[in-house]
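Right after this note come the structures.
Next come two complexes, and both contain chain A; in the first it sits with chain B, in the second with chain C.
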Partner chain A sequence: MQRRACVLAILATGTMAGPASAYTAYVSNEKDNTMTVVDTATMQVVKTVDVGQRPRGITISHDGKFIYLCASDDNTIQIIDTATLQVVGTLPSGDDPELFVLSPDGKTLYVANENDNLVTAIDVDSKEVKTEIPVGVEPEGMAVSPDGKTMVNTSETTSMAHFIDTGSHDVTDNVLVDTRPRFAAFKPDGSQVWVSAEVGGTVSVIDNAKRQVVKKIKFAIPGLRAETIQPVGIAISADGKKAYVALGPANHVAVINTETYEVEKYILVGQRVWHLDFTPDQKTLITTNGNSNDITFIDTATDEPVQSVTVGQQPWGVAISPN
Partner chain B sequence: MSAPAMPEKVAVVTPVKSGAFGFRHYLICLKGVVIRECLRFLHQRERFISSLVRPLVWLFIFAAGFRQVLGVSIIPPYKTYVLYEVYITPGLCGMILLFSGMQSSLSMVYDREMGNMRILLVSPFPRWYLLLSKMLAGVSVSIAQVYAFLIVAWFWGVNAPPLGYLFVLPALFMSGMMLCALGMLLSSMIKQLENFAGIMNFVIFPGYFASPALYPLWRIQEASPLLYKLCLANPFTYAVELIRFAFYGQVDWVSLGVVAGCTLLFLGGAIVAYDPSRGLITRKQGAGGNG
Partner chain C sequence: MTSAVPGTLALLCFLSLAAGALGASAQQPTSQSAGAIKPEDKITEIKIGYLRAYAPRLTLSLLDAPPRDEGVAGANVAIGDNNTTGRFIKQKFSLDVTEIKPDADAVQAFDDLIAKGDRYVVADLSARQLLSIADIARDKGVLIFNVGATDDSLREEDCRINVFHIAPTRSMLADALAQYLMVKKWPNWVLLYGSHEQDHLYAEALRRAATRFGGQIVAEKEFKDTGTARRTDTGATQIQQQISVFTQDLPEHDVLLVADESEVFGTYVPYRTWTSRLVAGTAGLVASSWHPASEQWGGIQMQSRFLKATGRRMLSKDMSAWTAVRAVGEATTRTNGDDPKKISDYIRSDDFSVAAFKGQKLTFRKWNLQLRQPILLGDTKSVVSTSPQEGFLHQVSELDTLGIDQPETKCVLK
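What follows is the complex of A and B.
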């Protein structure tokens, strides 16, 4: 009898295990000009809404009330109310906005303008451009330090990470990284900036104090040609112990130990994995897979893919509600 | 204990008068047949090794080579992308059952040629029971081989959900019974051991390749709708899918129905065929003169 109860308990645990908290994930679909709303608990699409042309960069205000979405071909940033999912305003982004980052105080949005070789700082409340900062050719990756004092932009053609003082809006340091850097992410303690190089196939770890590359992380997936490994999106866990790097056409996400810089695992996801983000409880990581038109949920406790869900055409970025 | 001693075990039950069998007698008979099959398997180390090596070669070499070529889309029961090794593992379990089932049938032909079958058939138990016992013996050996393979696959990084290894047992049993029954039916039609090569070419290979064991059926449908229909008409297709779903704690009811139905059909056919008074075996014996 006891044994039977034990078996039943194991079965119940097996079938009932799943994500604990429900958040809402918003996915920008580059090709069909839509945004997909996904419930992270049920892992199902709740709604798909029409947005501006070629939606790419996507982020959410710290209070979770508004989504900021780069409508690249409309040369604007749309503000979407998360309660109604209606576009309630726009921000003057400059030409072809692709990626941006919201300052820790939630007041300034720093936007990379790929065609103008500029980084635009926009005041979110007044919806006005505060300043434009000239950077390298084809700026793309954007990151801001946890204290809000330093902003980093990567320029794809110049292959540099530009460190910008958010007070003076001056470029203070330029750090050369590998070819075509597309994304930058600060460690939660602000000590390092991780920059992915799409063509170089590496991630450069830059010391924020010294402004020097302290480590270059390389990737090798058995059975895959090196040129298919193109690192793009980076997500570093809140405790700073693990970094997840989306490897583009390699269809895998690399899990890196941030102390040893060793790749501990490669997780199989959909085709051309581009960006990724954690749920606020850090239990789940969601990746956008551009060529297979889906997103993959990864359990961060086991680093195993749990489920893939079809969204719109060419999902590009993902933002998850903070509550 | 040596293998030749085993027929004596079966012979022990022969003095029991017909109609006076209790449940215990049936169990003794079953035990005798199963132990004989297990011992035969254990004594043939080459058979054990080859039964393990065959699926492992597919897993280690074939799957590695085709990992990039045959990208597998998300199809039930999978909820996300899986490596090719993971996809073909249920198919390789099916392959073990298929080869093992056919090997059992081979042993029936061998038994008949060597005269061992006479000892089995002179037993006063009903013929259907003897054949069922023989099948259960064959399936027990097959399932042991499957689990040995799954252990090696686990260390190769092919991991199903832990409970899946429990859930898959009934699926393996049912599929194994179906394939053993098929082998039994076929063995009744073979005159001599040499004809077994025909079974390889006309049953095992077409059955294996025209199934979702190595590639999903939608890929076959893309290539040829006719071939797709042939795959759907192949009972082995349903055995593989039954095993695949069971690994993830799910029941594919269509596969379950087809496998159960085919098992009854093949078993019924084998019982009729092995009945010397009216089955195929009579005609074969009359023509071939063996056994």
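What follows is the complex of A and C.
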């Protein structure tokens, strides 16, 4: 049944470069308390699962067995078994968890607690809080360096990227960026951290050794008011050559050459594009479009949108299975 | 498309922007934001004064009775926010609140505040009181942040180089409303206004907005304050008849505009009119700088934080005071200092902006130091719309389609 659907889908979308590998994408839908499960090869919704209230941040364990999902209004993180799609446990996230990041060794989840100005480190195995780290006002963006030694949190009203030593849990550096920083992403080689500023309308590139902003990237889309360009999610390709930035209500994703810092293309996706992620083979990028209630598949070879798929109400984040 | 400013300026720049804006530019960051901030030993204390004219007052609806800490509560939440940020850069903020009567002399209270060492003063005062301290403040190097007075005159003929205006003006509020009514294609208005000075000022702002955006005021009527219209045990029946009769025999119109800042009759207009018309202005659909139900653009976070801290919902004056204290915090963070002269220079520079949960950065108009801001249009329950409306264009910022614009300004900063 599923295979037949797959063949049909590929026939129907002849613009695809070739058959993509089959992964599973999990999309959190903020407004209807569900998670949509999508087959990335057929680009079809496989299942919709009821989850906790106001699901936002979503990630997947490195072995692909568990999904971690912030149920913000339930003040908890749900653990969902990807085999059964059942909630099998919770993690003590603290108040109003929004975004988190899993350490490279898969053992620690770092969570931004927006209402309490804290980052909480949770031991995934014991399900216990290891420590709480005071940060700036409205912490949101979270990233961990590839070597696992440095964690970065951005705080929206403070407008800083806080660099935290994951060994001592001390805040070692605070780097000012533009207004309302929402998301942080390390380059795969760990040399830089990219931070988006939603209201500032920029992406700051921070040198991880110097802990200084070395470049500020601005955006301009012909015919759109500057205020509508509000950078949020960032995804950097595994080879480190391209960065994709979701521009929120501008309804476009910017494609940036990471060597020249030039925007090479603006890809039109759905309304209020929020977060995005690559499939493990790097051939496809999936964006969540909050106001049009869909996700968009982008072919990274051509940087063209391939197809949009309707999911739940106000899709927020996406996590894709590693295999 | 509708042009907000007279003449050719508005559209031209939009077109040239669109044509020239291909691609993005990568720029070197400014020096303020380039370096990592390392903790230093010395803590800088930044004392902010809050001077407030206050007396309990009657409102037509119990729901509109101002909370005892209106405004002050917003400033306190912002002090907390500034201190959370200040922890990383060794800055500590505090708030001194002083209250005077609405008709009292403000000079002594102001002198007392600056004797305590306050160099930034949030002012919730009448225009008259604010003017009485503005020049003294300037001579002593003190910056004032106006959160209470909506008078256009304070940003025009009476503007001062050391007075920043966070509260929107009456003309900004009226323009925000007028844009929406024009977008809805409800262009014919009847204007009902109260008999007090501030009612006349808001009525004048509405007349100006009509001229500016193409609305027609087909009739006007003043509601005299005879001192008898206020809430009483038996008032409901009388008011029902009184408003009905007052709105009889009006020419055909789409919307009844009400200008009653003095709380004499406005709240009683909706649903009691002779014909079934919508009401807007100080009653019905109301323009304001904040709304207790605004949750867009991260607003839900601000609302939750405020509710948790104060036990009540956040009002416009709370948001203005929050923004005032945050503007000082933002400037001291970015300049890593607390010298009022440097702070003033920075706030007036192109580098300054402050985020206040309105979907875009807020900056000051350099020619009169008024904060540019989207205006929310709401009823008692929800936000109906946000102005500027789509299609009202401007060569500098769409936000400048609200209120008196630079080409018309009478302000000479001194």
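What we mean here is this: the second predicted complex is superposed on the first by the 304 of 323 C-alpha atoms of A that agree within 3 Å, B and C clash if a C-alpha of one lies under 4 Å from a C-alpha of the other, contacts with A are read in each partner's own complex, and residues count from 1 in each chain.
Just so we're on the same page, contacts are C-beta pairs under 8 Å (C-beta built on N, C-alpha and C of every residue); 3 or more make two chains touch, one makes a residue touch a chain.
Here the structure is a predicted model, which means the values were calculated and not measured.
Trainee: Applying the document's definition of touch, where does A:215 land relative to chain B and chain C: first, second, both, or neither?
Mentor: second
Trainee: Return first, second, both or neither, reflecting whether A:180 touches chain B, chain C, both chains, or no partner chain.
Mentor: Only chain C is touched by A:180; chain B is not.
Trainee: Touch test for A:162: chain B only (first), chain C only (second), both, or neither?
Mentor: In the superposition, A:162 contacts chain C only.
Trainee: A:48 contacts which: chain B (first), chain C (second), both, neither?
Mentor: A:48: touches no partner chain.
Trainee: Touch test for A:262: chain B only (first), chain C only (second), both, or neither?
Mentor: A:262 contacts chain C only, not chain B.
Trainee: Could you look at A:282 and tell me whether it touches chain B, chain C, both or neither (first, second, both, neither)?
Mentor: Touch status of A:282: no partner.
Trainee: I'd like to know which partner A:223 touches here: chain B for first, chain C for second, both or neither.
Mentor: both
Trainee: Considering only the touch criterion stated at the top, classify A:308 as touching first (chain B), second (chain C), both, or neither.
Mentor: Only chain B; A:308 stays clear of chain C.
Trainee: With both complexes superposed on chain A, which partner does A:131 reach: first (chain B), second (chain C), both or neither?
Mentor: A:131 contacts neither chain B nor chain C.
Trainee: Which partner, chain B or chain C, is in contact with more residues of chain A?
Mentor: C
Trainee: If I apply the document's touch criterion, which positions on chain A are contacted by chain B in one structure and by chain C in the other?
Mentor: The overlap between the chain B and chain C interfaces on chain A comprises residues 223.
Trainee: State the interface residues of chain A toward chain B in the complex, per the touch definition above.
Mentor: Per the stated touch rule, the residues are 10-11, 14-15, 223-224, 251, 268-270, 294, 296-297, 305-308.
Trainee: Name, in rising order, each residue of chain A that touches chain C in their complex.
Mentor: By the definition above, chain A touches chain C via 96, 114-115, 117, 134, 136-138, 155-160, 162-163, 171, 173-180, 199-201, 204, 210-223, 225, 227, 230, 254, 260-263.
Trainee: In the complex formed with chain A, which residues of chain C make contact?
Mentor: 18-19, 21-29, 32-38, 81, 84-85, 87-89, 298, 301, 304-305, 308, 326, 330, 333-334, 353-355, 359-361, 398
Trainee: Give every residue of chain B touching chain A within the complex, in rising order.
Mentor: Residues of chain B touching chain A: 64, 67-68, 74, 79-83, 161-163, 249.
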